[in-house]
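Please read the structure below before turning to the comments.
Labels run A, B and C following the written order; every chain starts at residue 1.
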Amino acid sequence: METSLGKTSSKQATAGTPGFLAQKQQKKGIQSLISSYIQDALAILLCLPLLVVMVLIVVAAFTPNTAINRGQLFSAFTLENFRIALKSANFGLLYWNTFLYTFGLLAVQLVTVTLAAFALTRLRYRGRETIFYLIFLQLFLPPVALILPNFFLLKRLQLADTLVGLALPYIASATGIFLLRQGFKSIPPEFDDAAYVDGATPLQLLWYVHLPMIKPHLAAFSVVSLVYHWNEFLWPLIATSSASKRVLSVGLASFTRSAESGAEWGLIAAGTVLVAAPLAVLFIVFQDFFVRSFSQSGIKG
Amino acid sequence: MRAFSLKLTVLLGTALGSLVFAPAFAQTTTITFYYPVGVAGPLARFIETYVEEFEAQHPDINVETVFGGNYVENQSKIVAAQRAGTPPDVAILLSQELRTLISLDVVESMQPLIDADPEGEAMIADFFPAFLLNSTLDGEVWSIPFQRSTPVLYYNKEAFVEAGLDPDSPPTTWEELIKYAKKLTQRDAQGRVTRYGIAIPTGDRSTWLTEALVMQAGGSLYDPNSDGKVVTIDTPAMRAAMQYVYDLQHTHEVSPKGVIAWGTVPNDFAAGNVAMIYHSTGSLGFIRQNADFEFGTAFLPANKQYGVPTGGGNFYLLKGSDPAKREAVWTFTKWMTSPELLARWSIDSGYVAPRISSWELPTMKEYVAQYPQALTAREQLQYAQAELPVYALQEIKDIVSKAEQDIILGNAKIEEALAEAQRRADQVLAAFR
Amino acid sequence: MKLKGYGWKTAGWMLAPTLFFLLLFTYGPALYNIVTSTAGFTRLFSSPANRNLLGVTLSYMTIVIPGAVLLGLGSALLVDGRTPARILARAVLFHPVILPTVAFAAVWLYLLNPVSSPIREILEWFMGGRRNILGSSTTALWAVALIGILKQFGLYMLYFLAGLQGIPQELKEAAWIDGAGRWKTFRHVVFPLLGPTLFFVASTALLDSLRNVDHIFVLTKGGPSDATNILLYRIFVLGFEYYDIPQAGALTTVLLFILTLTALLTMPRIERRVHYYGN
């Protein structure tokens, strides 16, 4: 795995530029190396405040609440916060429900969103623009604003208090369609013509030609969908009720949302770490896939 | 007639229940129970544990528990479920929401169930009268007290000693409190405050402490003879209360400035950064665990008189729930509000056990001996009044608390802010007259 | 150029699932809401509590949208590349996105506490004295908006990073070699090609600024003195706390109207201006 930008960019530069330009490029080499270090320094500087916050959460999770209250953050180490957090909720079930909800929804979304975006960019028919606007408008009609009517609808469909019901309002995703549409638009139409000349069906064209090229967009959408639904609170709180259908965010709420007494910062931090950990691990793994998928996607001008 | 037949069913049910002893033959009744969590910490877990024990003792009753979030979210969830035609059978809701809940047509009176139980009357008589104030309407008991509280004064005894004050005689009047707070406030060389004398929470859209101040000034935030339809905001007592809160921040500079959040005040106290706070008895457990100094609790200081509102949640019976399950609902409610369980709940959480006989139990006596601070709230009950019991409760609370915040922040003069709030509250309540 | 005749027949089944759920869970409920909420309008406009609602919401959006978009773009440009420093910075800048909003907000409640904050010294230096940042009507909106930005901009950074990967390296290098400086390269080559991304991020940021209100519940509850009482929070209060479904519905209708109008006004214009490579 490559870790140095210098290597990557110089390789790309020599591959992509004629000889006389490469010569000129070398003169600028040292200059660009220095500016690369400056950029590194600026990047670190920019993230510093949030780095403090991040470290603070992790440290607080392992610090007794008494010490946190006195602002003594590095004074003592404890696992008590995690012990209480794990005792306060059935985390195994919470993880499993959240996993089913977010990944199940994502799987369905990826199919519907890809098909719809394909139909909106690569097929020609009357009314395409109208349908696009109709879908696009949903980007501006957040399901959060429609919680109550949606809940009544679920009740009528006998799907309230089910994970399927929880996911239904999100299956048509304008965000996803819009994101993928950008991907499809960046693919030159010549690819389609060539595929059709070879006798491919639209589905084959989508599967064999387009899909590999829109991987980064699919990855981006997956991140958005997972992150949003993993942490979603209001809708799961309203739409599900039995303990067997509870998701992480609602479980976490039982000890982060205090009303009558003081705030248990250590417990809140431990709960936050427990809820965010799977996503954090996933993101660290995903980030590499994410970045690689860009270089492999072959998006060209 | 209906009450009679209900009584009959209950009696028959109990008889049958005792006859059919073997669980194999017993028909299982499933009831749904919604509860909020009002206090931080793993309290939800305690409730789940109690319910499990109940189920183990009552194999014929299955309790489906639903954690509904905080008080507001829990109530929203219940109303939504009820509107959708699937109300829970029983739930813990704020005691002061009674009229609002009636106007929304979501609750039913508990009185028929109490009447049907031979022990019912004695049971109700065992509750502290102050805790029944918000449950009772026209002599009928609508809800059974469960997690109840009053606000108390927490004070840092070490800070008292440091400031040359007697740690065993906390302030008893507003004037005294100001005097003490001035002594307790510490500043560094640059004049920055390093320890505040007092903090009274004013945030979170709550009027609980405001009500306490108004009562102490000899007034009330509502007209008790108006059936919850008249609030009295623009009054001399309220003006005095607002002046007091304003002065603590701006004239005497013994309190943190601005709107003070409810949830972080116990932390400030436990950290030793504030020497005295007004807060719920429900925070006793938290402060006990987090303060590494000796602290005391006392009545909220008096102006013209002592006075606090009660607070917290009660068991309610939900309208539209299956009448056939009423017997199981009552068995469950009775078990959850038994003296033994209320004592346990009080020790686990810091809430005041609302039944008189709870305090006679050995466990409770032992607890009180160890933590005498827990007694203050019970003693203070003699001065307790009902908590704001009006229609459109949250809307009224928002109007009052906005006026209070405008005053504290200097956005409006006391008279103007209160007159405006009065006008707006009247407008809202006009719909109920 | 005309494509082969794959028209409605193919498009139909591909669009069917999306359209079905769109009608069932968005347009159906939205229309239902508009029809049933007419009774709430008189109260909506007569209630003094709603007076500053639009002003506060607009102020909030005016801080959050440009703030989050620019911070997202700026960080994307800075962390673009695979040096260890930038990979670390990327992860750190992104981490608030994966935290539950209520938890992230709770951290800030702790940090901004005027009495016991662990960063009190820094805050006092920064604010020029001790301030109750969340408890004062002049600073609360800024604080809430800033926390909203910090929670969300990492996602926009990711979008911009994706957009930057889509810009052919040769184009950037050609401009660079032609002697164009960093800024000029960005201004004349990179920025125009980021057009579609920028448009997408801007619309997402607009929507996010309206729909993400969880942190308000934790930090200010709309206060102090309604200073952070923004539209969707108010809808929640009206619907779920006052149980005034008609008024909540009426306000939802207003929200839907504003959103639709914004969508219809901005969308075709920006679409015309953006550069699609490949067309």
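Of note:
What we mean here is this: a contact is a pair of C-beta atoms (placed from the backbone, for glycine too) under 8 Å apart; a residue touches a chain by one contact, two chains touch by 3 or more.
Just so you know, these numbers come straight off a predicted model, no measurement behind them.
If the chains shown are joined wherever they touch, the resulting network links each chain directly to all the rest.
Interface comparison, A-B versus A-C: the higher count of C-beta contacts falls to A-C.
With centres set at the average Cα position, the gap from chain B to chain C is 38 Å. If each chain is reduced to the centroid of its CA atoms, chain A and chain B end up 41 Å from each other.
With centres set at the average Cα position, the gap from chain A to chain C is 15 Å. Counting partners per residue, chain A has 69-71, 148, 253, 257, 263, 265 as the residues that reach two or more other chains. Among the residues of chain C, those touching two or more other chains are numbered 109-110, 116. The set of chain B residues that touch two or more partner chains comprises 73, 76, 80, 204, 263-264, 267, 271. Per the touch definition, chain C reaches chain B in the complex via residues 48-49, 109-110, 113-116, 124, 130-132, 134-137, 220-226, 237, 240-243. Contact residues of chain B toward chain C in the complex are 72-73, 76, 79-80, 104, 192-193, 196, 199, 203-205, 256-261, 263-264, 267-268, 271, 273-274, 392, 394-395, 398-399, 401-402, 405-406, 408-409, 411, 424.
Across the complex, chain C meets chain A through its residues 1-4, 6-8, 10-11, 14-15, 17-22, 24-26, 28-30, 32-33, 74-75, 78-79, 81-104, 106-107, 109-111, 116-118, 150, 155, 158-159, 162, 165-166, 168-171, 173-174, 176-177, 182, 196-197, 200, 203-204, 206-207, 210-211, 214, 217-218, 232, 235-236, 239, 245, 248, 252, 255-256, 259-260, 262-264, 267, 276-279. Taken together, the chain B residues at the contact with chain A in this complex read 34, 36-45, 64-71, 73, 76-77, 80-81, 83-86, 149, 204, 262-267, 270-272, 279-280, 282-283, 285-287, 289-290, 292, 311-312, 350. In the complex of the two chains, the chain A residues touching chain C come out as 2-5, 8-9, 12-13, 16-17, 21, 24-25, 28, 35-36, 39-44, 46-47, 50-51, 53-54, 56-57, 68-71, 73, 111-113, 115-116, 118-120, 122-126, 128, 131, 133-150, 153, 168-169, 171-172, 175, 177-179, 182, 185-189, 192-193, 196, 202, 216-217, 220, 223-224, 227, 230-231, 233-234, 248-249, 252-253, 256-257, 263, 265, 268-269, 271-272, 275-276, 279-280, 283-284, 287, 291, 294-295, 297, 299-301.
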